[in-house]
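Going by the order they are written in, the chains are A, B, C and D; count residues from 1 in each one.
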């Protein structure tokens, strides 16, 4: 039995690569295919959608809307949607999905990384693995999976000091 | 909010290390602590239980029963239980839990690896990450998480040719 | 200015790969090409000679002679020769070169590994790097380069307890 | 028989680490000790001298002089000196040694990296390994060891387009 999910890439730290002549990390090429090849994904059919390749700090309101609409539409076609996104404005895109789509047809799980995959000590592969597992287990909704936490939107924010996502407790 | 799970180690390929003077891979020391240290587990409290360190082909009926009883008991105390186990007889231990415990108080998720963590191309970290994610998302029951699949016992067997677990389809 | 060396592979621990269905490390495929691709070798032309792929404990007297003759012949054609060899009987092949060839036309540098390249903590890449550097710097002769030591034959033996090569001090 | 060398660290790309909250690579801590621990250096006594930790583009004339004088002085005390240095102005320090010291008492070998050690695909460990091998094999002089090339000063320059060092051919 094959399960089918969509994987939307938008860029962010997770996909940053090192430009050795300029000495900086930037979003030039997608490393998601290398990451996927390093995982054993039995019976999973991954439909790749390379929507954009941006540091999320550079995303416009139109970018967030495009991401939300694309995720909502693919959630109808596929059994789940994973969105790889820069962490700085990941919560803006997550909130936009809730705003525009409400409860999607299948789970939409955002993920990202604090340290690019290209680093030895990156959290990228862990977070992608968590998102690919969570998207098959949670009920339809909008989530972020990262650092062993799966948090449901709305109410999710990035804790910039701790370098991870937190969920506001209900009052 | 801290979540608390128990992590039972029993040995298996995932924990095999290389003895350079003898030139073989064997179960001498636990590498689980190194694997855990390489993951970012926010708000997760992991209670480590080193029950045994065996190639599962060497497990006796008493070993399987001990594993099942320990997992069942810890499922009452903790919000979830992950069991690291050799894949060859993982399904025997999973079936024994169902037999002795029925539906446990919290999810019990088995995992293992086809390739030791010590290998560059190991599936160990992926599988452990999947188990640590799944144990927080599934409802109480007995499962194996590996290779992006989370399968519920009973009815799970190892496909020795494909090197992964499969679930018999309902007739 | 391009430098040209020959690289003879004979097998040994350095090239052992993991058979996940049998759970053992053995000499099935050559990993030397992957290792070479991971190094930056500017201006170096490497002529690959896959002579055999054996655990050196399985080498016959004919194998040692074949290795020695091949290395001696290639030392005439190339500016240097690196021989990748199992460590257990590396010194037998080294002594055979001295016996059959005397001082070769260009340096012949043996190397190997105590831990297969496939292991995270392998010494394989270090040793290959050392051999590829040493072969360009030493004067014609027969050597082993490993663990930051470059030792000249004859008089080299493997210290099986320490897991490295040592040179008998002159009396 | 123990060999003794001095290892001077000055910073540069090789030692850059990733600041996940700022998203940049910079020279904060020395990674050389981690790199040394990952190598098997039998019978080698390494005397570490942490002289400075700077991107070489930020080095002043006084910095280059301090590096040259320190290397020259340590070459008298030790059987060899390795200097880890940013590549952009490595040749300036190398030329300064020749200018101030002439032929040192023992070999002085500079090295560096185009890609920080923290990256999976770094050339740092290869280059450090080459320098540690070369310093034991070359005759007293000033060199750079990198990318399988060992080049003698003076006349060495960085080829910024190719990202490596080249030696001007004698006219």
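Structure notes:
The rule we apply is simple: a contact is a pair of C-beta atoms (placed from the backbone, for glycine too) under 8 Å apart; a residue touches a chain by one contact, two chains touch by 3 or more.
Please read these numbers as outputs of a predicted model, since none were measured by experiment.
Steps from chain A to chain C, taking the shortest chain of touch contacts, total 2.
In terms of the distance between Cα centroids, chain B is separated most widely from D. For the pairs C-D and B-C, the count of C-beta pairs in contact is higher at C-D.
Centre-to-centre spacing of chain C and chain D amounts to 27 Å, using the average Cα coordinate of each chain.
Spacing of chain B relative to chain C, judged by their CA centroids, is 40 angstrom.
For chain A, residues that reach two or more other chains under the stated contact definition are 114, 121. In this structure, the chains touch in the following pairs: A-B, A-D, B-C, C-D.
On the chain A side of its complex with chain B, the touching residues are 1, 38-44, 114, 121, 123, 125-126, 129-130, 132-134, 136-138, 145, 147-150, 162, 164, 169. Residue ranges on chain C touching chain B, taken from their complex, read 13, 18, 20-21, 23-25, 114-116, 118-121, 160-161, 163.
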